[in-house]
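The first chain written gets the first letter, and so on, giving A, B, C and D; residue counts start at 1 in each chain.
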Amino acid sequence: MSVSLKKLLLGEQGLVVIFALAFIVVAVFVPNFLTERNMLGLLQSVVTIGIVACTMMFCLASRDFDLSVGSTVAFCGMIAVMASNATGSILLGLIAALLCGALVGLVNGVVIARFRINALITTLATMQIVRGLALISSDGRAVGINDPNFYQLALSKFLGIPAPIWVMLVLFIAFGFILNRTVFGKNTLAIGGNPEASRLAGVNVVSMRVWIFALQGFVCAIAGILLASRITSGQPNAATGLELSVISACVLGGVSLAGGRAAMAGVIVGVLIMGIAENVMNLLNIQAFYQYVVRGLILLLAVLLDNLRSGAVGRRG
Amino acid sequence: MSVSLKKLLLGEQGLVVIFALAFIVVAVFVPNFLTERNMLGLLQSVVTIGIVACTMMFCLASRDFDLSVGSTVAFCGMIAVMASNATGSILLGLIAALLCGALVGLVNGVVIARFRINALITTLATMQIVRGLALISSDGRAVGINDPNFYQLALSKFLGIPAPIWVMLVLFIAFGFILNRTVFGKNTLAIGGNPEASRLAGVNVVSMRVWIFALQGFVCAIAGILLASRITSGQPNAATGLELSVISACVLGGVSLAGGRAAMAGVIVGVLIMGIAENVMNLLNIQAFYQYVVRGLILLLAVLLDNLRSGAVGRRG
Amino acid sequence: MASFLEFKNISKGYPGVQALSDISFAVEKGAVHGLMGENGAGKSTLIRILSGDQSADTGEISLDGSVQHYSSARDAFDAGVIVIHQELQLVAELTVAENLWLGRFPAKAGMIDFKKLVSDVSQKLEAIGIDVDPRIKVANLSIGQRQMVEIAKAVMLDARVIALDEPTSSLSSRESEILFALIGKLKAQGKIILYISHRLDEVFRLCDSLTVLRDGKLAAHHASLAKVTRDQVITEMVGREISNIWGWRARKIGTERLKVEKLGGRLLPNPVSFDVRSGEIFGFFGLIGAGRSEMARLLYGADHRHTGTVTIDGVAVGGNNPRHSIEAGMVLCPEDRKFDGIIQGRSIEENIAVSSRRHFSPLGILQPGKEARLADRFIEKLRIRTPSRKQDIVNLSGGNQQKVILGRWLSEQGVKVLVIDEPTRGIDVGAKAEIYNILYELAENGMAIIVISSELPEVMGISDRIAVMCQGRIAAVYDRDAFDERKILAAALPDRSAAAVA
Amino acid sequence: DVKIGFIVKQPEEPWFQDEWKFADVAAKEKGFTLVKIGAEDGEKVQSAIDNLGAQGAQGFIICTPDVKLGPGIVAKATANELKMMTVDDRLVGADGKPLEDVPHMGISASKIGEAVGQAMVDEIKKRGWDMKTVGAIRVSYDQLPTAVDRVEGALSALKAAGFPQANIFDAPQAKTDTEAALNAATVVLNKNAGIKHWVAVGLNDESVLGAVRATESVGIPADGVIGIGIGGAESAINEFKKPTPTGFFGTVIISPKRHGYETALNMYDWIANGKQPAKLTLTAGQLALRDNYAEVRKELGIE
């Protein structure tokens, strides 16, 4: 391997480069992969993960952890549908859902940051509580949408690309900007890197953490609304297990669970790796049980490659 | 509250005391709770969680994380049944299962400790791979046990108490001893407290971590064998979601996810809290959807109380 | 002139410890006020209360006559108080510039002005003579460089009160001079400076007034240092006299014990070779970033060796695993106690016994009685101030933590080569003398000892031979009879033309 | 060439494995390609349909994770120009009425439940138990609508035959596996230690098995228990193969053969020959007992 190639692969953007190579390989060898239809389908299939990953990145970067995202997505989707049905106004429904999402996040944040309760346990608890609420409010059944205009949220297109994908792209850009260019982003990284030092430097660690969780809840609500619109109903059982997929996507993308490290480009790649793996396995008609094994191996491979890279860069601390 | 009572509640053993109080309250107010039958049923219902929590405690105490336990339990149960059926010898079946369990753990350990891959991702990957293998090896079906003596593993009693409960008790005692009274246990805690400092102090961090994972796999195999015997078949879908229950039980019991802190008594209490919560909700006939909410609230309450306690003790950190 | 900063009846207790009891004193504007005391006397606690990080149980602080009621570090900032804590408080993943601005980034509508961020920092660093690139991550700096960055925080904000908690503990004299010049400037601007140090020379040189704490109580307050002697201050601190803290004594030096050939690694591109004889104390001196700590880590196998061999008594020691070194009879007491030393969340007893317990744990089963006795022995010998050996190590004062780490290595058995990096970082005068004595004893018993220190008097005071490192290579080696402060310093200074790198 | 998708909601379940297996048989016979995709929730269904569209399939058969997904699935299928049929569960619109336009083959969940309940009533009578002294364990998983329908179907048959409501005890399982059912049922048994005769219903064989294991662990003899499962896959067969009878009395087998083979065939006919399948085909479940399960399976074409 020539030196400059090695540098490219193992440099800061290593994962992105590796991903690009893998993408080319897949595009060449998997039939039907690189068609416009499949690309749009692929992107739509990662909308929920992608949107939630934006804020999960902040959450992990500040050394927190959120297991309640899946429940929140389902709950907010239900609220959007039920409130729209009840009030007859889609707008009111959306507002209600966004508020509920932010509220769930706020509760998480306050309990975790102010009462200093372990984030894993807290969000595991809210995960169950919120799921319970979603089930109770609908008696465990899906709720249909009265106003067909609600479907348009997911169906409408701009430049040939469906709205949910646009929303995801906009959020990618927005949160990438927030992470790198704003005080909020830098403070998030600082808190994750060294909470004690950040506090002593005058960063309001508690309120930062509360904000991050509230934002997470809000963004989950967006994902929930789009999901409800796409599946044309509010489903209390939707998005189970989402939390692990989202966290994996983030970690794959180089976000450190020990806090302090995150990059939007990495997270996007992480999300895409997860999506492409599913997509390709289905295109290749891999048997269900083998899909488990393949999915696991891809995860391992991706971190292994990324690790080679960071191992080569090397760090002491 | 008198001073000495306060001291008792908020002291080292605070969670245990709070738990004892809660237990008395439940015993008085919930009918049928404090019967011998119910107590035995309760203990049997926590056997799987309890057994796996023993080693999960080590894993968390050394700052690691293992999501693959549920899959490993299911896989080893399958192996025990299939190997017994194939060889006609229950003993060989058990040995095969224990070896497989240890092997899964070993793989986890080597990948995580030697190749320095993130534990969350690695065990998420093995969780899928192992579940896939369990499904593939049985074609997704439950495997019946040929030799009825296999059932005796779970049914035989000693002093009126079924064998699985004895196994759990023995493991509680053994791992409690290992944690507090052996170099292995102390080194585990040291690694969790500060891995780099432990390495410089001559603790063989890599091989310790590998050992802990291998032990975890081995213990999962024990749990898997007992489970297969209790449900009289090997089921590839068994024990899904076990990982989160076990981790919650440990964290409830005061094991720190940041490593370095663990106590067997706490973990036992954590396991019992989880078991009693389920048990009492069913005794009180709480509706399924509300059970989610109640379960979440109990989790929150338990950590909140524990937190008040440690908040009162105060640490610099 | 009226008092500007005043502590009134401050008390603070922790479970089992009364860290401060009824402390009152005042400091005037434009003065440098020293704060001295043994390890665990309560200096850092007082500073932490001043910084808003902790609150006093009773008592109050007033600035310019108005009583302060702040409840967080942020409030203290706003009141014009800036504190440089004893433990480095930097975020390794952020750049130097970002660290210096943390908590008050220059921003418009939440968006950071990166140009201003970097250029302001460059200017400030240059003005005070700190040679660090503001755009690199703190993770890539050596401890000494980090300490300089930390010090730069003091001038980033226009504060009224600046408190420095042991700022020079891992600086060599050249960098210390930069700090002193800075303090002089701040003083001239009429700031008020609280200065904590265990180095008497510094205190006498810098301070106008001095407060001595002992066991959390006010032991003495000197409004002026004109008529105060060093011995008097030592007595006030320690409660007894210490005549000669170095106490070097001649001893028999044996044959070669440790031989190092062409040792090199990633942070030490130019391999170094040297040897140490049994009974010899071999000092390493250098400016910050000279590569001494890296040399020690490579020697010990803590970092990956690229080249070189290490032999002890003719037997080669395998690299890349500290365990091999320990088994071969070599131990390293690391410089960065927070990241490489203390095991957070565990007791003093466990922190001491972590390595040596294998000698008395048959079949891996502990003998708690033995560990307790071991811990008690070192708590007494090193004068560790703690309510109990069960105390969590994070609750100890910085100096006491350092002593526990020393205890860990001094309790090892069969050690042939002892490497200590900044052994007395943050340790008080009384305990220092104690530690030197232990080193001499060990050397007399035939141990080869490598001492790395940034404190030139210390290296000169206790070593039999000194190697001076500069920019990753050994620039010179002097025998004890050839020690000369000026020559050593000159050898440590990088060639001006080649000094571009940070 | 023809490409047909077969989407199921729980790919790990033996039932769906069997459906796939039989659909594969049809694919071999007719020489078309079958693409099997598991889709556990609404979102996965959406991307599965997109995926099929992208790889050029002409139609698909689906067992949906939730019947309310109806309009969304229809819209997706139309957008991708795919023909569609449903199997097992029938799609409903926003108003809760079945989408009549989509061809469907299946069996209603409450009908299966009723078959279970009827078999129970017959056996209770045969054993000569007094309904008033019999307890019923309702192993429930209420967040799954199909589960509710099945269990309620069985209980309605019991109640119709005079089974007292007060003797029905809820055992909510936290997950759908045997261990969870075992733990939940144990509590019910211990709470009602006085009752000597028990019947157990649940959403599938695994949950009923859990209840049966619970009766064994508290020492209720096998002839005091009537557990009837639904599905008839390996877990049930293993039970019948045990040397001595257990409380697991029988299981209502539903045939994956028709559901898998016939639907795939119909879809092929539709695509290749333009022959529209029937809008609604209802199949029946059949009770299998310890001594006749082999015949029943043969009859249903499973063996």
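Rule of thumb we're sticking to: contacts are C-beta pairs under 8 Å (C-beta built on N, C-alpha and C of every residue); 3 or more make two chains touch, one makes a residue touch a chain.
Everything numeric here is computed off the predicted structure, so don't read it as measured data.
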| said: So the centre of each chain is just the mean of its C-alpha atoms; given that, what is the distance between chain B and chain C in Å? | reply: 43
| Whole-Å separation of chain centres (CA-atom averages), chain A against chain D | 34
| field | Distance from the mean Cα position of chain D to that of chain C, given in whole angstrom | value | 70
| Residue numbers of chain C (touch at least two other chains) | 339
| note | Multi-chain touching residues of chain B, meaning two or more other chains, are 135, 140, 288-289, 291, 317
| Can you list the residues of chain D that touch 2 or more other chains? | 12, 17, 142-143
| remark: Among line, ring, star, complete and other, the chain touch graph is other
| task | Check the chains against each other and report every pair that touches. | result | A-B, A-C, A-D, B-C, B-D
| note | The answer for chain D against chain A in the complex is residues 11-12, 17, 33, 35-38, 40-48, 50-51, 53-56, 65-72, 75, 80, 92-96, 142-145, 148
| Which chain A residues qualify as touching chain D in the complex? | 31-32, 35, 37-38, 40-42, 44-45, 48, 135, 140-146, 151, 155, 227, 230-233, 235-240, 278-279, 282-283, 285, 287-289, 291
| query | Where on chain D is chain B touching in the complex? | reply | 12-14, 17, 140-143, 169-172, 174-175, 177-179, 182-184, 186-191, 193, 206, 209-210, 213, 216-218, 233-235, 237-239, 241-244
| task | Going by the contact rule at the top, pick out the chain A residues touching chain B in the complex. | result | 67, 111, 115-118, 120-122, 124-129, 131-133, 135-136, 139-140, 196, 244, 247-248, 251-252, 257, 288-293, 295-297, 299-300, 303-304, 307, 311
| task | Quick one: which bits of chain B touch chain C in the complex? Just the residue numbers, please. | result | 181-184, 186-187, 189-190, 192-194, 196-204, 256, 259-261, 313-317
